[in-house]
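Each of the next two complexes has chain A plus one other chain: chain B in the first, chain C in the second.
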Partner chain A sequence: MTPGLSREDGQLKIRIMKGLELTPLRLVLLLAGIGFLFLLPAIARNTGNLPIRVRPIYRGMVLGLAAVGLNFLLRHADLTSFGHAAFFGTAAYTVAIMVQIFDIQSAVVLMAVAVVAATLMAALVGYFTLPHEGLYFALVTLAFGQLAFSIPVGISELGGTDGLNALTGASGVPIGEQYPRLGGLFFNGQEVPNTILFWVTIVIVVISLLVMYRLIRSPFGSALDAIGQQRTRARFLGLPVKRYVWAAFIISGIYGGIAGALYALFFSTSIDPGSTLQVFVSGDILYIAILGGFKTLTGPFIGGIVFETLSNVASDVVITGPAGETEVGRLITGAVLLVIVFGFPSGIVGSLKPGGRVYEAGRTLIRNPSVVGPWSRQAGRGVVDAGRRAVKNVRILIMGVK
Partner chain B sequence: MLEAKGLKKSFGNIQATDDVSVEFGQEEGELVFIVGPNGAGKSTLINLLTGLLEPDEGSVVLDGEEITGLRPDERVHKGLVRSFQVVKVFEEMTVRENIRTAILIKEQMTGGWTPSSFFGGLFSLADEHEEVEGKIDDLIEQFRLEDAAETVADELPHGDRKLLDVAMSFALDPNYLLLDEPTSGVSAQETDYVIETIVEVSEQQNVTTVTIEHDMDLVKGYADRVIALHQGSVHGEGPPSMLETDQELRRLLLGVEE
Partner chain C sequence: MVLGTPLTIGDLLQPERFITQTINGLQAGFVLFLIASGLTVILGILDVLNLAHGELYALGAFIASSVGGYIVGTGANAIVSPPSGFDPVSSFAFVGVLILIALITALIMVPIGAIVETTLIRPIYERSQVYQLVLTFAILLIIADIVTLVWGSDPQQLAFSTKQAVNDIPSFELVGLGNIPTLVLMVILVSLGLGVALFWFFGRTKTGRIIRATAIDREMATALGVSTDRTFTLVFALGSFLAGFAGAMQFVITRAQTGMGEQALVLSFVVIVVGGLGSLRGAVVGAVVVGVLQNWMIVINPDFQTAAPFAVMVLILLVKPEGLFGTWGERT
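Coming up: the complex of A and B.
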């Protein structure tokens, strides 16, 4: 089926590809979003004071892509991975090792090998998680994540905690041409190659999202939904559940691998365990999926950009006290997560969609602006009640129940 | 024919089934009801037959082939399908999606796990197969779920949930269907309706159906053959009239002293 227009229940739909039909509004939003991303490097260059910076947003895009992969398991198979940094980091380290030790610079080859490495890693880790669900699944992925973290930390050839860079060690290569390259262009962190890599990444992300869109609407996707919602029943409908979960795990890991490889191409001078393999990276990927809305396709990706921008802004916030300066970045992102979990459990994109909290509130507000009064009273009462409860709980904690 | 041969299974000190040997489908499409007091080993027997549990001793034979040790999903591909006492459906899917999922799983797995079936499953669309949609319509009609077709399973009345559960089993084109108390939890007005629908579809599709049932009136009304279990052993089997004539069975089942 070719792209075209159709009408469904009086609603105009624009067909992008087989199975993907969008309302005009959504299409415009999507194109605007993609266009904005393409213009972002230019915007960042010209707005020094706004918190729009290419590096954190790039990191957000790739972590967001990894979160899209994690979300494949989370949303459909009901499996929460605490170890997705393992695939992200495996790919990033593969890029570094390939450039530094084997003098391979072609970004295409680096991407391909790195994704294969991450796939193998996912196949291995996935195999051992197969018997487990729920908490045990989370713990096994966490354990493997830590294991993957400990490998480069413990091997001095891999740079220990300092990590590696992705600069070729071949002699005679002029400085500035030691970096990974695409065609004749070296990704050396300068403005032009940076921008081009940024654009390439947007294209890869869009393709990855389209593939994911098809995957979750395929018979494989519905089988995975079945496993997530009622595993026993799925098995007794004749589904080899473990094989399906394994396949889903590997697909999920491939997304992490693509993300990790892109990360390494961009941040080629600093590929260290702390920013690619550490448990906090796994945590961030999971956080990003929930923040953006894990019941949506694009949520985790958008969550990545929001999260990294937020972290970047928050990391500038320093409280100076008697003991010196304290960074409160993590505190702020933690507080935001609490607000999201309790106030907007369907995440950023989930809340903005029809049926979502923000969307419905906005609609009510447009129809009847006078609801603001009752709402604010309600909110005020809610805060006061929560405060009272908190005081009571603290009193009980300190003085015991009386 | 589906045969249990000397099945033994114990949980700790409790002998749940003790040397149970029974046959189902002596005649194709027969309706067998399993009766017995609580703890008689009825559910354990079904669990052993379908692979949820493995027997300590004994074997399960399906159409002459031993299937003991096969995974549940492998048994399903051989035509042995079951439902559960507690409804197990996909709660966040609509009735239509539930049945579609069952059919798609069947289609993906027919011929086993092959690369082409797997990758075909990855890159087609779940709702684009016309013959599948037609089959869904047929099942929805047979189980009289038309009004509920677009309702999410979680929000269905209990009787409809039971029917959906059974409809999903029929979506797999079973040769043998084992139903663990399809009327449990269903209101008194609905039980007749549920059983009647199941019996009707079983007969249409000539499926050998084995049903665990506590309502003796239903058993008498619909059974071709009755198997009574007591304390993990076969107490007796025969035509439904056995429920009237076997005084000891009546005492076991109903606590009736005559």
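Coming up: the complex of A and C.
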């Protein structure tokens, strides 16, 4: 089916591709969002006091892309991976090894090889985690993630804990041209190549999201939904459960791989285990999916940008404790996560879209501003009740039920 | 391109070296058992994969550094100076003091664990498991920063003179293994004692049986009048107790430092996979295997020291995906 206009129930819809039809308003919002992303490098350049920086936002975009992959497993197959950094890091390290040791600088080749490497990694890890579900799946993926982390740490040729950089070691190459390149453009961290890489990444992300959209609406996606709800039932329906879960795991790993390769092209001078393979990176990817809203398609990606901006701001916060001044970035991100888990379990996008908590609250507020009073009373009562419950719990705990 | 340094298995086969590494491995394994047993029991009963467990262990180590610092001093600043050389009375008194430090630390961890369970984890039992993971991850982040906020990022050590006093007790020297400190023996024996107590608790006491019954069938236990809420809090507090005790042991033998929790957490996962979900016996075997293997690897090839436990895990997953000892509950 070709792109075009159609009318459904008197509502004008614009068809982008097969299965994807948007109302004009949503299309405008979407285009505005993408346009805003394209303008971000310029905004970051021209504003000093806003928390908009190209580096964290880029990191957020690629981690968000990895989170989109993780979300594919989480949302449809009901599997929580806690080891997605393995694919992210495999791709990043592949880029570094290809540039540094094999002197390949073409970004297209690098991307392709890195994604293949990540796919193989995902196939391998997926094979081992296949029999497991629920928490055990999370545990096993985490352990595999840590295995992937311990390999470069242990092998001194891969730089140990210092990691590698993606600069070619070939002789006779000027310093500015040692970086990965796209055509004649070297990604050497200067403003122009940085901005172009940023834009290329946006395009790749949009394509990846469209592919994911099609995938979710394909028979394969529906089959995964069935598997996620009840594996036994899905098997009785004749679905090849293991093969489908494995395929979903690999697809999810490919997204991690694309993200990792893009990360390595941008941060080519510092590809270290701590920022690409560590368990905290896996945790961040899961965090991002939850923050953005794991019941939505675009949520994880948006969550990535919000998360990195938040951690960038939070890492500047210093509290003076008994041991002197300490940065408390993790404390703040952890506290935000608590708020998300208890207050907004459907995440940012999930809360903002129609039917979401914030959206509905906003609509009620516009229709009848006087609800603020009952709301604040309700909130106060909620806090008091929670306190009472806590006291009661502790009392029962100590004295028993009397 | 040759990856890493070559394997030198021959070095490990020298008898003295082999025994030394194995004993060091046992010590590491027993401490790991204390951590992993708490994690595995929490997982088996509460059905919560507590990602913050490693940070509870690290928190225990730092609390022990404060408790120990208060009682005997830290690093080169000893408060109590033992006489130099082996003096039976003072040396054994210091052993008692170290055990006391560990016990106080573990007891401090009990209310911390109980509060974390009742206030944060309890509200989400009914919800999707992904929220548990994310919630415990949030607790991990928060505890990690609280630790650096309170104790800073420098490693903390127990007073050297206290360690020396314990090491002056002749132990391994008597059998010709002079390079193993007596502290190692002390940690092995104390952890072993606690491990035995744990098996006794779950196997012989009424509370332990109630906990196991809850693990086997939560609804049935409730129907028989067991308060699952209380059991859950108790189990979480017990896990915190064990993590705190393990942290104190680790602090006594080496130091308390940032980042120790993360490593312990991941190794505990390996232990659970190797031993089997929720199995205490499995935790013993898994922890000893991981500890000993890592210490053998120091001699064979230090590059593979971190990767070796995961190789074992992959092997177990291939051969026996449910772990060496199946699910816990029916047996300890």
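Everything below uses one rule, namely that the second predicted complex is superposed on the first by the 384 of 402 C-alpha atoms of A that agree within 3 Å, B and C clash if a C-alpha of one lies under 4 Å from a C-alpha of the other, contacts with A are read in each partner's own complex, and residues count from 1 in each chain.
Methods note: a contact is a pair of C-beta atoms (placed from the backbone, for glycine too) under 8 Å apart; a residue touches a chain by one contact, two chains touch by 3 or more.
All of these numbers come straight from a predicted model, not from anything done at the bench.
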Contacts of A:T333 with chain B and chain C, given as first, second, both or neither: second
First (chain B), second (chain C), both or neither touched by A:A261: neither
First, second, both or neither for A:I285, with chain B first and chain C second: neither
Partner chain(s) touched by A:L40 [first = chain B, second = chain C, both, neither]: neither
Chain B versus chain C as contact partner of A:L310, first or second or both or neither: neither
Partner chain(s) touched by A:I271 [first = chain B, second = chain C, both, neither]: neither
Touching partner for A:F128 - first (chain B), second (chain C), both, neither: second
Partner chain(s) touched by A:P240 [first = chain B, second = chain C, both, neither]: first
Chain B versus chain C as contact partner of A:L73, first or second or both or neither: neither
Dominant contact partner of chain A by residue count, chain C or chain B: C
Touching residues on chain C, where the partner in the complex is chain A: 1-4, 43, 47-49, 51, 114, 118-120, 122-124, 127, 129-135, 137-142, 144-146, 148-153, 227, 229-230, 233, 262, 265-266, 269-270, 272-273, 277, 303-307, 310-311, 313-314, 317-318, 321
Of chain B, residues touching chain A in the complex: 50, 52, 71-73, 76-77, 81-82, 84, 88-93, 97, 100-102, 104-109, 113, 118, 121-128, 168, 172
Touch list for chain A against partner chain C, complex: 74, 80, 82, 101, 128, 131-132, 134-136, 138-140, 142-144, 146-147, 150-151, 153-157, 279-280, 283, 286-287, 290, 294, 319, 321-324, 326, 328-331, 333-335, 337-338, 340-342, 345, 390, 393-394, 396-397, 400-401
Touch list for chain A against partner chain B, complex: 18-19, 214-215, 217-223, 225-226, 229-230, 232-241, 243, 247
